[in-house]
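The letters A, B and C name the chains in turn, as written, and every chain counts its residues from 1.
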Amino acid sequence: MEHRENPTQAGEVILEVRDLHLEFHDHDRPEVAVEDFDLELHRGEIVGIVGESGSGKSMTALAIAGLLSRHALERRGQILFDGQDLLRCPRSTLRHYQGDEISIVFQEPMTSLDPLQRIGRQVEEPLRIHRKELSAQQRRELALRTMDAVGLPEPEKVYRMYPHELSGGMRQRVMIAAATISRPQILIADEPTTALDVTIQAQIIALLRKINEDDGTAIIFISHDLSLVRQLCHRVVVMRKGLIVETGPAEEVFGNPQADYTKMLVDAIPKVVL
Amino acid sequence: MARISVPMGGIFETEASLGDRVLEASGLDVFYRDRTKLLGRRNALTQALHDVSLTVGRGEIVGLCGESGCGKTTLSKAICGIIRDFDGQIRLAGERPQMVFQDPFGSLNPSKRIGWLLEEPLRVDRARSWTPQERERRIAEVVRQVELDETLLDRYPDELSGGQRQRVAIATAIMRNPTFIIADEPVSALDVTIQAQVLSLLRSLHEDMGLSMLFISHDLRVVYQICDRVLIMRQGRILEEGDVASVYRNPQHEYTKALLTAAGLRA
Amino acid sequence: MAGTRRSLRQTIDRLPSPQVFWAGFAIMAAVVALVLVGLVWMPYKPTAMSADRLQGISAAHWLGTDKMGRDILSRVMYGSRVTLMVALGTMAIGAGTGVLVGAVTGFYGGLLDEVVMRVMDGLFAFPNVLLALVFVSLFGSSTMHVMWALGIAFIPSFTRVVRSEYVRIKHLDYVKNARLQGASDARVIFVHMLPNVRGVLLSNVMIGFNNAVLAEAGLSFLGIGSQPPYASLGQMISEAQEIFFRVPTAVLGPGIVIVAMVLGFSLMGEGIRPATQSLD
């Protein structure tokens, strides 16, 4: 797959996760969700985190996005971004980055949009928070440009619509537009295509690749779908039960898996010989 | 010969003599109307199926492929008699087929124990009555067949893993020893490793019991693994059909090509 | 093996707030104990008058006596029995009918559903007190008639709750599965579906019980319901208004029992509610 040059060596490290350890305490017995998780994310890189349910991949993503609730949870380790430890910095600092430097797109585009707000307003929301200096006119222009960039047809019209008037794929594009309008350094995509049809899935993957190539946005792509990760990601982290099983360039990990678990995952993909 | 005629003139026939086939459906049209209010105007009709015909042979697994809203769920509901308002003809060699649903969390009653759920198809069997001893023997047999741990019979569905639940769902579907079942996205909600196990279970049931299946899936890789023949559906119509290898190798329709490309099976 | 059988006790311990439930349970147990003791033993006959009028707390009359010299503790024990019976009867009529009607209309939908729900709306719009007054003026004032009137007034709220649960559940795959297997409609409605609305039903019964206690107390305060010299709690409070400052226990005694009943059931309902919400 020649279109994917790995920028790992080229870019500087923009995010570093060290010894991340997450533990729930809301049950009788503490439950370890993530253990000894390390990650270096380089500028312009797409890293995939793969694993089955209960692997801790989504917890890791939420931790990096600063979206884990702070009670009932024991957190150790560091998430370093812009000289700050996101696990420990004050909430105000965290809010300063959220939606501006670090954005997240979730699996379910139906529930992550506010049904009562027009699309335009929801796409602009990060600007209202982080770019207060912009006028309404400037916000609108930027929103329309971003909506066009994510492939929403007739942005002017969609701008005035409500979420229920759009299909699942279109809603996911709206989510991506809202997440990228402030040109974040890092985009976290948590199973962004799982709820979508296969042909739409392929379009969203292509869109993520385009955003990465055009803006140099680093992407952390969380998925259970190995073939999607293989198509999109430069580097991959395989997780199981909260632990990293294997990590490396995507082609190597899937082409020549070392860990037994990775082999099992790769073997479980239905083979098609045409 | 049981014949249930329904509005719109559709014919639904079970226990028909079909020779080497278990299902023959022809010319199916299904219309939906949004909820009709007591007062107020009637909403417009939408057509969910357009002149759909299909057959499933004895011991054959037929894949039904398409994306959401293509009519595959409507078609399966018509075949198992949940939807009665159709036009056309559905003829089945046996009783109404049982279904295995996508989400094993939703298809098992959360307030019943696994043992109770497995026994229910036998308790409500209209074809014959089962003595308690016969039921017990049959349950033990099927539990072995689907490789389910017998200690799970006392548990509730929420105490089982996704894979175990789907085995229970399959067990209830084959409890009355049918010749034909419908599997509606049976592995889509499962992790890949569990997916492989459930697929191989379905394969072995097919081989051991000669079970015929209509296998509904959006995943062309999974369909390739398990099906003999495949139908590609879109917007209520069947676009293309044929044996899996030839459709995949030589797709005729643009949409089929797009699906194959999206699944990474075509450049 | 642990976890294979789920007793009621285990179900309760799995609730997010079992402590709240048990606190309510303890309060209710105390009230029920008072009523049960009253069945076999009371210090005095609740209607027996004596010359010892308007007495304060003493060894002979733990809660004192009222203006006719009747023992207040005995009357509270008797009154609690009446109030509890009315509340239970009301629930039996309201919840029983509500479940039946709600289940059937929710399951079948269609014209039947529309018609029945409009009737329920009409019934719901009718104030409880007014309905009770109509009942009492038609059939005469008695505890039994108040129970029926309240029971009927409670039907719509249960019908609605149960109906909306059935509408939600009937589209789930396990219900489709049961029908596919050939289970009769009655079996699907009562054997397959009913156990899955029990959570919502239970917390509504708890709340409904509260309302029944308060409604009965309110009605008997107004003089509708059980007739003197027999007492229910509300009636006792009504009668004791003028002697409140001389014998405070005449109001506090029945008042505390009413509060305990309402609090007990509220806490039990509150303890159960989160579990029912996480069921889906």
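Please note the rule applied: contacts are C-beta pairs under 8 Å (C-beta built on N, C-alpha and C of every residue); 3 or more make two chains touch, one makes a residue touch a chain.
Since we're looking at a predicted model, the values are computed, not measured.
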Discussion item. Let me spell it out: compute each chain's centre from its C-alpha atoms, then which one is farthest from subunit B's centre?
Written reply: C
Discussion item. Need the central chain here, defined by C-alpha centroid distance to the all-chain C-alpha centroid.
Written reply: B
Worksheet, complete the sentence: Taking each chain's centre as the mean of its CA atoms, subunit A sits from subunit C at a distance in Å of 52
Worksheet item: From the C-alpha centre of subunit A to that of subunit B, how far is it in Å?
Response: 35
Practice prompt. Starting from the mean Cα coordinates of subunit B and subunit C, work out the distance between those two points in Å.
Written response: 47
Discussion item. By the touch rule stated above, which residues of subunit C touch at least two different other chains?
Written reply: none
Item to complete: Enumerate the residues of subunit A that touch no fewer than two other chains.
Response: none
Worksheet item: At which residue positions does subunit B touch at least two other chains?
Response: none
Worksheet entry | Interfacial residue positions of subunit B with respect to subunit C in the complex | 38, 80-82, 96, 98-99, 101, 103, 106-112, 120-121, 124-126, 151, 154-156, 159, 169, 172
Worksheet entry | List of subunit A residues in touch with subunit B within their complex | 52-53, 168, 197-202, 224, 226-227, 231, 264-265, 267-272, 274
Worksheet item: Contact residues on subunit B for subunit A in the complex?
Response: 67-68, 162, 191-196, 199, 218-222, 224-225, 245, 248-249, 258-259, 261-265
Fill in: List of subunit C residues in touch with subunit B within their complex
1, 3-6, 111, 114, 172-174, 176-184, 187, 192, 195-196, 198, 279
